[in-house]
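As written, the chain order gives the labels A, B, C and D, with residue 1 at the start of each chain.
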Amino acid sequence: MTPRVGVITFPGSLDDRDALRAIDYAGADPVALWHGDDSLGAVDAVVLPGGFSYGDYLRCGAIARFSPIMAALIPAAKDGLPVLGICNGFQVLCEAHLLPGALTRNDHRHFVCRDQRLRIESNTTAWTADYQVGEEILVPIKNGEGCYIAEESVLDELERSGRVLARYVGGNPNGSYRDIAGITNEAGNIVGLMPHPEHAIDDLTGPSSDGLGFFTSILHRLVSA
Amino acid sequence: MSRVVVEVMLKPEILDPQGRAVEGALDRLGLVGVTSVRQGKRFEIELAGPLDASRRERLNELAETLLANPVIENFTVHVVEDA
Amino acid sequence: MTRPIDSVTHAASDPDADQPYAELGLKTDEYARIKEILGRRPTSAELAMYSVMWSEHCSYKSSKVHLRQFGDKAPKTDALLVGIGENAGVVDVGDGWAVTFKVESHNHPSYVEPYQGAATGIGGIVRDIISMGARPVAVMDPLRFGAADAEDTRRVLPGVVAGISGYGNCLGLPNIGGEIVFDPCYAGNPLVNALCVGVMRHEDIHRASARGLGNLVILYGAHTGGDGIGGVSVLASETFDADGPAKRPSVQVGDPFMEKLLIECTLEVLHEGLVEGIQDLGGAGISCATSELASNGDGGMHVWLDRVPLRDSTLSPEEILMSESQERMCAIVSPAKVDRFMEICRRWDVPATVIGEVSTGGRLVIEWHGETIVDVPPRTVAHDGPVYDRPMVRPAWQDALVADAPTPARLARPGTPEELRATLMQLVASPNLAAKDWVTGQYDRYVLGNTVLAQPEDSGVIRIDEVTGLGVALATDCNARFAKLDPYAGAQLALAEAYRNVAVTGAVPLAVTNCLNFGSPEDPGVMWQFAEAVRGLADGCLELGVPVTGGNVSFYNQTADVAIHPTPVVGVLGVIADVARRVPMGFASAGDSIYLLGVTRDEFGGSEWAHEVHGHLGGQPPAVDLVGEKLLAEILATAAREQLLIAAHDVSDGGVAISVVEMALRRNVGAQIAIPAGIDPFVFLFAESTARVLVAVAPDHEERFTRLCAHRNLAIERIGTTLAVSELNVDATFTVELAELRAASAATLPALFG
Amino acid sequence: MSRVVVEVMLKPEILDPQGRAVEGALDRLGLVGVTSVRQGKRFEIELAGPLDASRRERLNELAETLLANPVIENFTVHVVEDA
């Protein structure tokens, strides 16, 4: 059976349709999930999409983190359910303490939308297995609060355990510590990524198709599991 | 060293979407009886040396023109420490 | 202390009460007409409604007599599904798809409070589009500011850009284009225009009309507060003591998150067929929505105003009627469908309240706690406002302005290679021509995943149908210096440029929207500029075969008696059958031939060169050539369909030189340009003659493409080749590294606004 | 009615780009000797009725989990009025 990958729509989610499209392009079965539901249904993996959940009022992701569906997602993720948080989704994962650190206001204080080069630093996660370590990819970035920060000891630990998943190259767009664009948890099933791979799935609407690898990675992982 | 705190709040008649969002969240998360939440800004400013009259005046002017937008916001300036 | 309610009964019993109609902007004869319509003095609530609905902004009283030409001269077309007069026009783009688009101004609010003014400008135009039944798919933002280095521009521009970015990004609408123009004429009167485009199936088109006796009027979205009611406070003021209610804010604050919920919620109720009529709330709030819905429908409506949910309980009924609180909509729903409607609103956390119902009798009756405070024929409020044919005179200074032509004798021209190179570098770095990434980088262009082209491309191109690749292209333009020199020609040049920008992508231009930004209509000189611009635009649209589907007029953009340049911003929408065949602007590979299509003349009146280098404005604008524009567009569409072009880019501000630089910098591909024999290098490089386009053609398509042009008698000249090295080489004159051009172009805006 | 003010400031070791920008602007606009500016948030919360122990506790919990993110922020809760 084709693996089912859910995408949660929070009030104010914006890139949810794009994430569903990317899952479809990769060959998996996209499933729309609603923030107000208290179960995940029968999905094999979940994407928390980009956007401005609850307007990003208060702090990005702070209110969404308390949605009913998050009460189902948090234990499932801790149990190994593959979860990818993109942009606002990454912020939600940090707010929910599923990933360490926090995302704060860009150092230059402006929203930034641009095509960004990334270097993949780890391909042992559920979402990056189809990439080579050291491979450079081009994907859009668009955020106002994408500056990844964490205490030095946390950063050191992330580096030591190979949990920095991708780094910005060719210029850091938001001041993220150590050029970090994405990280994973110890088990490698939960991934947070500031750039938007779902907007790089074909050359017509994105700067490249380099982002598709995140979605084919999870498909291949689920099929072989 | 002197320390000044400037608080800037939206005027009561101005819509505060952020406060509204927080209000909704507090309510959903079980804090009963919340009737209003307003979200504003707080600036902690440190200055070298004591605040003479002219610096105090400049500070008040800048609170009004730079830190707050008097079209939509009110502000207060507290000198916390002056030495 | 309670204020007496000025009910209809009260008004009849106290016929001679003094009313502050002048403070509300009504003329004595306008006030007399209201009395005549009603057969009594208006209540204060009625006075409030008439005053705002008969204002210039809502009634188009000074512009109506001229705007009629857009209908009268409209070219015959089957593409127009909904024409002028609705919230926005609707255009058929094939396969059962329809597109709606419109541009509006939010100039003055953006000067007072740049962030909120611009943000709510986006919010307002987006609601116009949803109220037609369409899903908004993109926004654009034509902007104009005072001199780039003026102190006030440093205040206004970053706030405006942050407001558009903050609101538009949070709504999830890609920003696919716009304009940023600096000119001292906009000091104190910046122009913030906002365009939105939406997509729907033909069967989803909705109208703003209230029909069906007993159907309910539902107000949904944000609660009503005291936003933007400024003037109406005088109605309440006499009866309040000095330290009475807080002064009402004239500034409206936007809540993009609520608007996002409103979009999703509205599209869901429309999609389920729950709505008979729908209207957004913008200027004049509930006054406008109820009177327009009733007037466009069966004519009768009964409203219980005290049911309107308030953010501020001290508001008077007059103020509630006028409030311009954002993020509200009004729907007409049959009683059987109300439960489902409410259920969907709850799902999206959108407050919704039944405030009235459609009634018989042809009157709009509004009650406040059991007393009737409004009882009027809705048409008299919404549609039968005063109409003025204001005096107009060609300004006395116009002749002298036109006589002051930028001849070589008057304005020194560069001659040596060093001078030409220096001129190019100066123009590349000038605020009007420099890279706009500092601004556009703050806008999300990717969201929704259908953006095929966006700034700095000539047009934004949006995919509508993922299966067939059907899409639309949109561009907005206006060179206001041209319009100042000749408003008739200037409006046509704005149209021509937007049309050409759509055409270079390979799209077929289909329809037009406009935002006419002018000074005071009470100044006969300004009124002449306005009339000329409208006449020019209407004639131009007829000649090009593209109808005007809607637009907006913004008057009073002036400080004391100094008006802005006439600025008729024109937006053109085109359709492209397969977005995969769109033609981008940038050179892509070495060894392609560069052709100039069209004819170059010694035309510098109103040019960027005259403006930037000499601070000069005078002479004639470049000649309008609509026949040439049409021919170009047809050839470009064919060439795109046959995939003959690597790149195409229109030639406008700064001439061929600037266009080549932009094509080269886009993907960092160099070029060698040969100045054709028989033309002065300066004129060739910098003249702003219209109906010209640069294209890059791969060697194996050259023969087919040049034959296509020759066959239609389009002037075409091979002027160069793309290079493998990153430099621009202007034969026998000068060479510049692309890195140097990029650095010069990129540095300007960050240095000013960083 | 009760009124509570919650103040949230970025921890001192966390970079505060907004505060830095304000610092630069104050200096350029002629306020001499500014050594540091930090920008934080201020919430004014109104609740119906008095604050019993359980509401107070819930409020403190929500200040810590919702209003502030303890990874990067410190907060204080002041009860301004309790009736």
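One rule holds for everything that comes next: a contact is a pair of C-beta atoms (placed from the backbone, for glycine too) under 8 Å apart; a residue touches a chain by one contact, two chains touch by 3 or more.
Remember, it's a predicted structure, so these values are computed and weren't measured experimentally.
Chemist: If you average the CA atoms of subunit B and of subunit D, how far apart do the two points sit, in angstrom?
Modeler: Centre separation, subunit B to subunit D: 10 Å.
Chemist: Taking the mean of the C-alpha atoms as each chain's centre, how many Å separate subunit A from subunit D?
Modeler: Distance between chain centres, rounded to whole Å: 29 Å.
Chemist: Using mean CA coordinates as chain centres, what's the subunit C-subunit D distance in Å?
Modeler: It comes to 41 Å between the two C-alpha centres.
Chemist: Report the inter-chain centroid distance for subunit B and subunit C in whole angstrom, where each centroid is the mean of the CA atoms.
Modeler: Comparing mean C-alpha positions, subunit C is 36 Å from subunit B.
Chemist: Can you list the subunit D residues in contact with two or more other chains?
Modeler: 66-67
Chemist: Which residue numbers or ranges of subunit A touch two or more of the other chains?
Modeler: 54-55, 57-58, 63, 66
Chemist: Where in subunit C do residues touch at least two different other chains?
Modeler: Answer for subunit C, listing residues that touch two or more other chains: 255, 257-258, 349.
Chemist: Among line, ring, star, complete and other, which best matches the way these chains touch?
Modeler: other
Chemist: By the touch definition up top, name every chain pair that qualifies.
Modeler: Between chains, contact exists in these pairs: A-B, A-C, A-D, B-C, B-D.
Chemist: Give the list of subunit B residues in touch with subunit C in this complex.
Modeler: Of all residues in subunit B, those touching subunit C are 10-17, 20-21, 24, 69, 71-72.
Chemist: Help me check something: in the complex, which residues belonging to subunit C touch subunit B?
Modeler: Residues 112-113, 116, 222, 225-227, 246-249, 251, 253-255, 257-258, 311-312, 325-326, 349.
Chemist: Within their complex, state which residues of subunit A touch subunit C.
Modeler: Where subunit A meets subunit C, its residues are 11-12, 14-15, 17-18, 21, 36, 50-52, 54-57, 110-114, 140, 142, 144, 196, 198-199, 204-206.
Chemist: So in the complex, which bits of subunit D are touching subunit B?
Modeler: 1, 7, 9, 19, 22, 25-26, 29-49, 55, 58-59, 62, 66-67
Chemist: Touching residues of subunit A toward subunit D in the complex: what are they?
Modeler: Subunit A reaches subunit D through residues 58-59, 62-63, 66, 94-95, 100-102, 104-109, 147, 149-150, 175.
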